[in-house]
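Below is one structure, written out as structure tokens; comments come after it.
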Amino acid sequence: MYVRNAWYAALWSQELPAGQMIARTLLDEPVVFLRDDAGRAAALLDRCPHRFVPLSLGARVPGDRIRCVYHGLEFGLDGACAHNPHGNGRIPPAARTRAYPVAERHGMVWIWMGEAAATPETIPDYGFLEGGPDFLLSARDRIVIRAGAELIVENLLDLSHASFLHDGILGSAATVAAQTEVAQHERGLTVRRWMPNVPSPRLFDTFSEHPGRRVDMWFDMNWQAPCALVNDVGATDPGGDRSRGYRILGAHILTPETATTTHYHFAAALRVPPGHDAAQDARIGRTLSEIRRYAFEQQDAPVIEAQQRELLRAGPDAPRPALFEIDAGPVRYRRMMDEMLARETRA
Amino acid sequence: MYVRNAWYAALWSQELPAGQMIARTLLDEPVVFLRDDAGRAAALLDRCPHRFVPLSLGARVPGDRIRCVYHGLEFGLDGACAHNPHGNGRIPPAARTRAYPVAERHGMVWIWMGEAAATPETIPDYGFLEGGPDFLLSARDRIVIRAGAELIVENLLDLSHASFLHDGILGSAATVAAQTEVAQHERGLTVRRWMPNVPSPRLFDTFSEHPGRRVDMWFDMNWQAPCALVNDVGATDPGGDRSRGYRILGAHILTPETATTTHYHFAAALRVPPGHDAAQDARIGRTLSEIRRYAFEQQDAPVIEAQQRELLRAGPDAPRPALFEIDAGPVRYRRMMDEMLARETRA
Amino acid sequence: MYVRNAWYAALWSQELPAGQMIARTLLDEPVVFLRDDAGRAAALLDRCPHRFVPLSLGARVPGDRIRCVYHGLEFGLDGACAHNPHGNGRIPPAARTRAYPVAERHGMVWIWMGEAAATPETIPDYGFLEGGPDFLLSARDRIVIRAGAELIVENLLDLSHASFLHDGILGSAATVAAQTEVAQHERGLTVRRWMPNVPSPRLFDTFSEHPGRRVDMWFDMNWQAPCALVNDVGATDPGGDRSRGYRILGAHILTPETATTTHYHFAAALRVPPGHDAAQDARIGRTLSEIRRYAFEQQDAPVIEAQQRELLRAGPDAPRPALFEIDAGPVRYRRMMDEMLARETRA
């Protein structure tokens, strides 16, 4: 059961070169992505309506068409069979695969897999990934986590885990006591944490000329339903100006592959003090990419995957999890998702 | 659900040397094959009736018996326990495994796994695999395809796929337009294709002194229910005599291993113009074996296996496939199989 | 369905060093084992009640506590959450994982996973593994067999298999005819076999100065429900005194991991004639360990695992196994287990 009437991240734009077909499983459905001759991204259900062979095994042929590898039927990007090379050449009306609405924005290809009409105004805004004068960019990266997307959203909305699971990198004993605020907005939630006068975490120290100093630090996480998150983490000198100093805007964009596996796309922009040179910038960008990948792949993923395995083993009769104050964000998230699912089911 | 009252290919004769036991899963049942002291093939359900250990783990012992590895009970080739070495030596009447009717013909061991009496007159005839004065033989080969047998029969009965999936080897753009005729006969179907004046496909060109010439070509496929196919492909000079020139008789013999995996046995006889020497013949036989294995293992199998995976993923609620004129053979095949299954279920 | 109100072997004591946490699946439940500061073994359900992450991924922290890796909640060895480092620090009453009764005896850690009160007096007695003046000890070993525990108990209670599966090592053609007696006692069964004047099996010959001689031999197997077995095998000169001569006391202690996989713990004590030196003793101990591991891992396991696979394939509709005189022990075992399960279900 997925919320379907929503935009999901499908591919970083760079993953889809002209002339290629990329197959990906999203929401348990096989999808093939390609670009038309004008470079526009398109997405079809990756299943030939003739004999169910994946279209992605075939060839991209002239006239914005895919030719199926098995019997050579050709399909347009609207999903309809456009050419039958055999015998009388007739094409039955059922010879049509599904075409999905697609949008490309700020370096990400988005797909709409629901039955309702797509709403372009709800495409999540990751404009900060375009960069800017004071911002360095990390790599645009992706891993597959063998856990349901909901466990990863809960991970991200529960800022408390940073102090333990990412001890040293993102949090520390000094950040544990910080109060957390949860606010609901039209399309999601924002969870906010303010940590005045704490030791600078390694994430910032790595880039700083003054490692080991104390900072005022914030850590905000914004979630837009169902799967798009942005975190805004920053540190200033105690009492300093939040519009200056280190700040990281992080994209965490999840797409269910199946009920228990998730594509996790991530990238970040780092605001740096002026005066860096290009070599330094490249090094900082690389370090930022590496630290983030390390935190997600080596710290979060093993724990969340173990959690998923344990949930599957415990089964539907398992006792309900014990809830703490730190679960305020995840609890609201679950409630909003349940409401969205219920609305879709009724509709 | 398998048609069970039928002969299925179990092993090439050469796969069953005297003194050995060969275990194979057929129609989801474990079967052990061996030869009696006179060399006759036999087949038993590969499951000791005592504690369900595979008999094939045991030993072939004198007196045409198998001794179970676990507690040493001995079984005759009729499946009955013939010796209990322990204590009072008594043997309960239930101590009997199933023995299957077996027939060996033209180098293939056939098995009958149904409840009805076996009918020797319906053993498929692959006499052409014995060779003859003008015929060279390929190797007798086998691969396991991870797809149901019905998908492979449909593949073979749909001649149109040759032009695309085997483009260059068996078909080409020039053969696409050819008309196909489907005829039903007592035990199956014949699908026929006649392609006058087309470029010679590589399959024949490989053996020919005149590569690149044009030929009249035929491609007939004969299916005997449930799983035995013969194709007859040939080429003559345009307007030439079909009783001369290149001709390949190909055996395609399928046996379900499980609902989604199939043993695919294949071999062929090639009619060659007179005057070849033995060294040439050996080379041609090898080439023929290699081309066929390549076409089935590298071209057909990946596509059919992808089709099978997609059918499993789509599940029983999937839309029905769109049918084209090229599906005339497969559609008749499905109907005949459904009728056979219904007859067996009623019986 | 497991008998749960019983002691199960969890770990050899040596497998649980101070300061470490060991995760093991027992009866389909994840369990984490550790020692308190006084060295006493403890066992908790290996599942944080907060978000179901395995506690064994966390850290052993001072004060006999485990700290969960994910959000740093701390749990005492009674399973209760003892510290919440976040925000207001409140702990909901549901924040408690299950603690299991544990006992350590003669080098084995035992666990009680049932709902009834644990009964210390029923801990199986493996005192002979402490050794003694005339006894040499094998290694304490463990393998995982991919078969249900009941198939292994049946293997052990059916002494007849020794003559075939362990032909040469433990039995031989000469031991086949021996009569077997089965006796029920309060907590289980004893199966006894007496084999006068037979060739000495390799198991003893290996240690003997007189290989190849004839011996009187006994082979008794004692089973205590549900999973604790001891065998007592010995050989004397024909007509000799059973309180002297070679004798092996073997521990076979099974614990279901899942319904189809089992932890098999084994160890043995060998009574040797006086006069061995230490180097000889070490060699004999090693040989004893190796022979036993070989017999279980290379001879029993492949057969029992094939049996399990075949039982799973045959499914619930399979015909019932044919029973022979040699099945007297296993048949009684099944009946006693069924009664125990029925009693637990009623309770």
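Order of writing sets the chain letters: A, B and C. Residues in each chain are counted from 1.
By definition in this document, a residue touches a chain if its C-beta (ideal position, glycine included) is under 8 Å from a C-beta of that chain, and two chains touch if they have at least 3 such contacts.
What you see is a predicted model, and the numbers here were worked out from it, not measured in a lab.
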Type of subunit A:subunit C copy interface by residue overlap (half), same or different: different
Equivalent-chain rotation between subunit B and subunit A, CA atoms, steps of 5 degrees: 120
Mean-CA-position distance for subunit C and subunit A (Å): 48
Where subunit C touches two or more other chains at once, by residue number: none
Subunit A-facing residues of subunit B, complex: 154, 158, 160-161, 163-165, 176-177, 179-180, 302-303, 306-307, 310-311, 313-314, 318-326
Of all residues in subunit A, those that touch subunit B in their complex: 28, 30, 47, 49-54, 57, 68-73, 81, 84-88, 90-92, 94-96
